[in-house]
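Given below, in the form of C-alpha cells, are the structures.
Look at the two complexes coming up: chain A is in both, with chain B in one and chain C in the other.
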Partner chain A sequence: MSKFEFTRRGLIKSGAAVGAGLAMPTILTRPAFSYTNEPKGGTVTLGFNVPQTGPYADEGNDELLAQKLAVEHLNGEGDGGCLPTFSSKALKGNGILGKKVQFVTGDTQTKSDAARASAKSMIEKDGAIMINGGSSSGVAVAVQGLCQEAGVIFMAGLTHANDTTGKDRKANGFRHFFNAYMSGAALAPVLAKEMGKDRRAYHLTADYNWGWTQEESIKASTEALGWETVNTVKTPLASTDFSSYIAPVINAGADVLVLNHYGGNMVNSLTNAIQFGLLDKAVNGKDFKIVVPLYSELMAAGAGENIKGVLGSMNYNWQLENAGSKAFVKSFGEKHGRPPSNSAQTCYAQVLLYADACERAGTFNPCGVVEALEGFEFDGLGNGPTTYRKEDHQCFKDVLVVRGAQNPTSKFDTLEIVEITPVANVTYPPNHPMFGGDAATLGKCNAGV
Partner chain B sequence: MFGLDKVDTRTFLFVVAITLLAPFILNPFPSESALAQFNAGYPDLMQRFVIFGIFAIGFNILFGLTGYLSFGHAAFLGVGSYAAVWMFKLLSFNIVPAIALSIIVAGLFSLVIGYICLRRSGIYFSILTLAFAQMSFAMAYSVLSNPSFNLTNGETGLQVYASDPQYLKGNGPDNTHLFGLEMNSTATLEIGAWAFQFNIGFYVCAAFMIAAFYIAMRIFRSPFGLMLRAIKTNQTRLNYTGLNSRPYMLAAFVISGMYAGLAGGLLAATDPLAGAERMQWTASGEVVLMTILGGAGTLLGPVLGAAFIKYFENIFSKINDTVLHTWFSFMPESIENFLVAIIYPFVGKGWHLTLGLMFMLIVIFLPGGLVDGGMRIWNRITGKNRTQADPVADPKPAE
Partner chain C sequence: MDAILLQVLNGLDKGSAYALIALGLTLIFGTLGVVNFAHGALFMIGAFVAVTLQRVLNLSIETVHADKKDFLGNPLKVQTTYVETWFGESAGQLIIGWSVPLAILAVIPIMLLIGFVMERGLIRHFYKRPHADQILVTFGLAIVFQEIVKAIFGANPIQTPAPDALAGVWNLGAWLGLSLPYPAWRIVYFGFSAIVIGGVFAFLQFTTFGMVVRAGMADRETVGLLGINIDRRFTLMFGVAAAVAGLAGVMYAPINPPNYHWGMDFLVLSFVVVVVGGMGSLPGAVLAGFLLGILESFASTTWATTTIPGINQIIIYLVAIVILLARPRGLMGRKGVMEE
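This part shows the complex of A and B:
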C-alpha cells in the first residue's frame, strides 16, 4: 500500500532540512544564571501553590490570603504584621535584598500531578525562586521532590504525615507545620490525664499514607501509656458514610474511638459517631471518648456541635496570646474580618522565614538559603520559640492540644486550648524509625543550572 | 507521500510543522509584557500538550471510529506511568525500556479489561470501563500501597529514591534521559524581547506524537479502520452478515489502551512520578472531553481538544486578582474594581467554570468540535462549500 519515492532533489532538500535542524542547538544560548531563576531585575517572584479547587479549596484560599499578606508586609505595606515581633531583624520592609516581592499563584487541585504541573509552570515560565504552601502530604512530598530537582526552595504548607520530613525529606524542602508523631506525643499525656491509663482504643483510619503514619504514631504513644489498641480499621478515602464502621466499635469492647481522618472524612465519621450516641455510652465502667488527633478550624466549623469536648491537636491557634500571634491575628483579622486558620499561619510564617533567610544569607541562591535556615532559632511568628532542625528541616516548637469548645462565645471560637505541650516532649531523634530510620537523608542542596 | 493521499499528506505535514515549531507558536508575546501570562511555550505545558494529544488520539481510535465510549481510559495511562517509574527504579533513568514496558503493560491490561467489558455495548460498556478504572484507582491509592507490599506508594505517588537499585545506571545521569540526552535540558533562544525555550523532553514527546498521529492516520484509512466504522454505524447489521465484530473491537480497544500507556510512560519520562489520581474517573472524563471538544472521529480534533483543555488548566488557573488589577490599572479605580469583580469568577480558581462554558458553547453550536469550527471558518474565507474530501472529518456528533 505504501509507496515511498526517493528522488535526488527530494533527498537533497530533506538532507538540507535535517542538517539545519541539527545545527539549530549550536546557535542557542543558555541563560547565564548561577542558580535557577536568579532574579536579575528589581523584583523577585515567589510561587504560591495551593489548592484552589477540590476538597481543600477553603483551606487553600486561607493560605493564599495569608501569603499575600506576608508579601505586603515584606514590601513595607500594611501594618507590618509580624515583622516587628520577629526575633530576626534582617527584614526591613523593603522587599527581599532590596528587590520588590512579586508572587504568582497556582492551583494544586490536591492532586500530585496537577500540583507538580502548576509548580513547574511557576518555575519554568514565571521564574519563581521558591514554592510555598499546599494542603495534603501527598502533594507536599511530590512538589518537594520536584523543587529538589529543579533547584528551588520548597516550603510545605499543611502537611502532617511523618514522611514529608521523614523518609521523603529533601535538602531543598522545609516544613514549618508539625507532624503525626508530634500529635501523638503531645496528646498522650493529656489523654492519660483526662481518660486514665487503662483505656481500650479503637482506630478508624483513612486508608492512605497520612492515615497510616498517624495511626502508627498515635498507637505508639498511647500504648506507651498503657492503653490497649483493640482494633485498627482502614476506611476507604472516598467513604462518606461511616455507620458500618462505627457500629462494631462498641461491640469490640473499646471505650475510646480515635478518628485518623481529615477534612470531609473526619466531619462525616465524627457526625456518624455522635449520631450513634457513642459519647453517651459508658463502656468498661468509663465514659466513652472520641479523639481526633489532627484538628483544623475548617473541620471544626464543618462538624459544628459535634466536636464539643472532642480532643485533638493543632499546630497553631489564633487564640494564642504571644506577641507574634497577636500581631498576625490583628493584621489578618483587620483585612479579612476573621481570624486566620493554622495552615494560614504556617504559610505566612514560611514566607517571612524564607525572606529572612535570603537577607541573612545575602543571596537568593537556594544553597545559601538552606544554610541560613538550617538550625535557625527564632521567635515572634506566633508559635513561640522555634527551631528548624538541621538534620531533617522540620520545625520544632510547642504543640497545642485543643478541645471542641463547650460554650463557644463566637462562631470563630470553636476550639479551646487545653494544653501547650512544650517542645521537649515532642522532640524525637532525626533517625527515628517512623521517620525512615538511618536510611533517610536530605541529600545535597541543589541550586539548579 | 508516506502512503497517504494528498489531503492526508498535507494534514500530516501540517501537524509535523505545528509540533516542531510549537516553541515559537505558543510564545507569541514578549516575555516582559502583560500578555506574557497567555504564553504557553514553556517546556512542561508543551510536553503536556503533546502527551495528552497522544492520549486523545488513542482514545479517538476507539471512540471516534467504533463509537464505544470508554469511561476508564485513565486506568491505562496510570498503569503505563507506574510501569515506567518502576523501570526507572529498577534499571536506569533511560526512557527507552520504561516506555517500552509502559506500552506493553498497558496493552496487556487493556486486553484483560477489554475482553470483559466488550461483552456489552453502549452505556453498559461505559459503566463497566468506569468501574474497572475506579477499581484500579482504589487499588493504586490504598490496596497496593500498604507497607508490606508497596507497588504504587499510594497518595504520595511512586517516585525514584536514591536508595533504589537502578541496576543498569552506572554513572548515567540522575535525570530521565534518552541515551544521555537529559529530558529536562532546555536551550533558550532570545530574540529581542522574546525568549523561546527548546526542551529535549518536548521534542522526544513530539516525535512520539508525530509517530502516533501517523499510525492513527493509517488506521483510519485502512480496511481495519473501515471495519471499525462499520461497527459504529450499525453493529447489529454487521453481525448479521456473519462477521464476528468482537475481535475488531478488542483490537481497537487494545490499540487505544497502548496509546494511553505510551502517554503514561511519557508523562513519567518527563517527570518521574506516578500518582494514583492519574487513574481517577475525572482523568478518564477529561480525555472524553478533549476528544469531543476537538471533534470526535476527526484526526486533528483530539490533539486540538487536548491542547485546549490543558491550556485552560495551566494558564487560566494562574490568573489571580492581582494579575487582573495590573491589567486594568490604567482605568479609573471604580471601573477597574468593577471589571475585576466581573472577570475574577471566571479565571483563577474559576477556570473550571470557563472551561465548562466553552464546552457547552462548542457542543451546542459546533457539534463537530473545534475542527468543525475551523472548517466553517475556512469555508467562509475561501467562499467554498467544500465537499468533504475527508469522510472521517465529517462533523457529526459522536453517538
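This part shows the complex of A and C:
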C-alpha cells in the first residue's frame, strides 16, 4: 500500500510550481504596459462617470451630452465645436494621437461608493484611461482618490467644494470648475454694491462637505465686507420641507438669507422662503434679500419664478459673448435644441483639455499628461483666458455673478449676467487655510501598473 | 411665543401630509392586511397629476417672430397657450393659475382607477403570502412608478404654483395681537386635510358601506358568511386609500415642487407614523401623524439642533422607540393585529 507524506517544505515547493504554471499563460500573453490602460490598438477609451439616476440625473444627462459632443469633435465629426476657437492647435480632429476616441459611461448615482465602483469598473474592465464627470464634490473627491491609486487621470466635472483642489488635491486630478472660495470672492463686491455693507446674514447650509466649505467661504467674504453673521444652521441633505428652518429666520433679526444649498435642496428651500414672504419683508429698515451662492441653469428652471432678482454665481453661462462660448452654444444648441448648462460646458472643456494635453505631451502616460496640463494657459473654450495652476490643479478664470432674470424673454434666459469678476479678484495662494494650508500637497503623479 | 406658534403651524402642516398618507396605509392594512410599500408612490403620482394638468393647460401654439432672435440667432418662436387663445389672456392665465385646485377633480377618478388596477392586477395575488413577500412586491412597484415618472418628467423638481389668490402670506395672529405670518397655501392644505380626514371617517362611520367595511375589518369571515361580498368592498377601499394619497399629493405640489423621489421621501416616515399610531388604527394614524409632524418641526429649531446636534434627523425614530417601549401596540393599536 502506498503512503503519501506531506511535509511543509514539499507543500510550499509544489504550491510555487503550480502557481508559476498557472501564471505562465498570462505572463506570456499579457501585453507589456508602461502605464495603466496604455492604448495598444487603434482606439483610446475615455470613461464618463455621471449621475444617470438619482436627484442629479438631469445634470448628469447634460454632462453626458456634452461629453459625447466632445468625442464627436475630437474624432472629426460634427461642426468641430470649440476646436477652431481653442488657443492650442494641437487637436486635429483625428482622435487623440491618431487613435479614434471611444467612451464608456458609468452611473455615479451621486453616491461616493457607487461612483467609485463605476469608475473602478470602467478602469479595470473597459480600459478607460481617463475619468471625467460627476455632479457632487463628495463624488469628485472619492473618484479622484481612486484615479490616483489606479494611475489614470481624473478630469473633474461639477465639483464646487474647496477640498477637491484643497486638502484633497491629487496629482492625477484636475478641476476646471470654480470653487466656493471663488464664489465668495466674486459675490462680495456685488453684494456690497447692491445691498450695502451693513447687513445681517442668516445661513442655511446643506450638512455635508460642500455646504460647509461654501458657508465658510461666503461667511468669510461677507464678514470682510462688514456684514454680521446672525446664525448658521445646518440642514440635513435629505430634507424636503424647509419650513421649520425658514420660520426662525423671520424673528432672527436677519435681513439676508444665504442658501448654501444645491439641486433639489435649493429649489425647495428657496420656494419655502418665498412662500413665507421673506422677500416682501423689510428688516432693520432694509429690504430682505436672498442669496444663492451657487447657481445652475437646471436649478434655476426648477425654482421657476422664485429666483427672480436672487443673486448667485456661476462658472459659465451660455450668454457669454466670447468666440469659444458662441461656438460651443451653437454646436450644442443645434444638436439638442437648447443652450448648454454650466456643468455641460465644464465637462466638454475638460475632455478637450485632456485630449489636447495628450497631443502636446505626445503620450497618454498620465505623468506626461499631468506635466502638459500644469501651468497650461489657454483660451477659446468658453470661459475666456484660463490657467491650470501647477500647485493645486485648479483652473483660474473670470467668475460670473448672475441674477434671476426679472423679465425673461424665453425659458432659457432665466439668469442674467450681472458682473464678470476678473480672475485676479478670485485668486488665492495655493496654501490658503481654506484649502488645507501648507499641509495640502498634490503628492506624486501615478502612472499605475 | 410667535416662534413657538409658527413651529406648531409648521408641525400641523407636515403632520397633515403624514396623517393623510398614514390614513391610506392603515385603510389598506386594516381591510386587506397588506403592507403597501407603494403607497408613497401613490402620493407622488397624485402630485404629478397636478403637474400633468398644468402642462396640458400650458399646451401652446407656436408663432414665429421674425423681428426677434432666439439663442442661436434664429427667428424667435413664441408660445401662446390654447387656453389664452380661447378665453382671452386674463381668463386663460387665471385658469392656468388654478391648475392645482382643478387637478383635484382629475385626481380622484385617476387614483381610484390606479388603486383598483393595482389591487386586482397584482396585490390580490399576494394576500395569502407572507408580509415579507407583500413588502417586496409593493416596494418593487414603487420603484417602477418612480422610474416611469422620472422617464416622463425628468429628475428635476417641477414648480407647480398655487393660485395667485392663495400664494401670499396670511397673518393668522393679527386679531390676537401677534405677528404670525404664514403661507396661505399651507393653511389651505391643513384645512383641506382636515376635510378629507373627516370625510373618510364620516364615510366609514355613517354609511352602510362603511359599516360593512368596518365589520369586515373586525371579522372578515363572519361578514362573508352573511352573504356579503366583502372582497369587492375591500377592493374599493384600496381605491379610496389611493385617492386619499393622491389628494394629499396634488395639494402638496405647491408647497414643495414635486419630483420623482417624493414617494420614497415620505414612505418611511409614514410607516413610522402608522406603527406609532398603532397598526390598523385609523384615529391612531391621524393622531401620530400630527404628533410626529409637530415634534419634527420643533426638533428642527436652532435651539434644538444646537442643544442636541442631529436631533432633527432622529427625533421621529427616537419618539417611535420610546412609544413602542411604553405601548408596544402603538398609541391606539388593538390587540391581535399582526400578532399571530
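In the analysis below, the second predicted complex is superposed on the first by the 418 of 449 C-alpha atoms of A that agree within 3 Å, B and C clash if a C-alpha of one lies under 4 Å from a C-alpha of the other, contacts with A are read in each partner's own complex, and residues count from 1 in each chain.
The rule is simple: a residue touches a chain if its C-beta (ideal position, glycine included) is under 8 Å from a C-beta of that chain, and two chains touch if they have at least 3 such contacts.
Just so it is clear, the structure is predicted and the values come from calculations on it, not from any experiment.
> Which holds for A:Asp168: it touches chain B only (first), chain C only (second), both, or neither?
first
> Touch test for A:Tyr208: chain B only (first), chain C only (second), both, or neither?
first
> After lining up the shared chain so the two structures overlap, which partner does A:Ala57 touch, if you call chain B first and chain C second: first, second, both or neither?
both
> After lining up the shared chain so the two structures overlap, which partner does A:Gln345 touch, if you call chain B first and chain C second: first, second, both or neither?
After superposing on A, A:Gln345 lies clear of both chain B and chain C.
> According to the stated criteria, A:Val141 is in contact with first (chain B), second (chain C), both, or neither; which is it?
Touch partner of A:Val141: chain B, not chain C.
> Per the contact definition in the header, classify A:Ser118: touching chain B only (first), chain C only (second), both, or neither.
The answer is first: A:Ser118 touches chain B but not chain C.
> Touch test for A:Asn132: chain B only (first), chain C only (second), both, or neither?
neither
> Under the stated touch criterion, which partner chain does A:Pro236 make contact with: chain B (first), chain C (second), both, or neither?
It touches chain B and chain C both.
> Contact-wise, after the overlay, does A:Trp318 reach chain B, chain C, both or neither (first, second, both, neither)?
A:Trp318 sits against chain C, while chain B stays out of touch.
> Per the definitions at the top, what is the overlap between the chain A residues touching chain B and those touching chain C?
53, 57, 234, 236, 238
> Give the list of chain A residues in touch with chain C in this complex.
Its residues touching chain C are 53-58, 231, 233-234, 236, 238, 240-241, 243-245, 247-248, 250-251, 264, 267-268, 271-272, 275-277, 280, 298, 301-306, 318-319, 329-330, 333-334, 339, 409-410, 412-413.
> Per the contact definition, I'd like the list of chain A residues that touch chain B in the complex.
1-5, 24-25, 27-31, 52-53, 57, 61, 68, 103-107, 111-114, 116-118, 120-122, 124-126, 136-138, 141-142, 145-146, 149, 163, 168, 207-210, 212, 234, 236-238, 439, 441, 443
> Which positions of chain B touch chain A when the two form their complex?
1-3, 39, 42-45, 48, 138, 141-142, 145-147, 153-157, 159, 162-163, 175, 184, 186-190, 197-198, 267, 271, 273, 275, 277-278, 313-314, 317-318, 320, 322, 348-349, 351-352
> What does chain C use to touch chain A in their complex?
2-3, 6-7, 10, 13-14, 68, 70-72, 76, 150, 154-159, 161, 167-169, 181-183, 185-186, 255-257, 259, 261-262, 265, 296-298, 300-302, 305, 312-313
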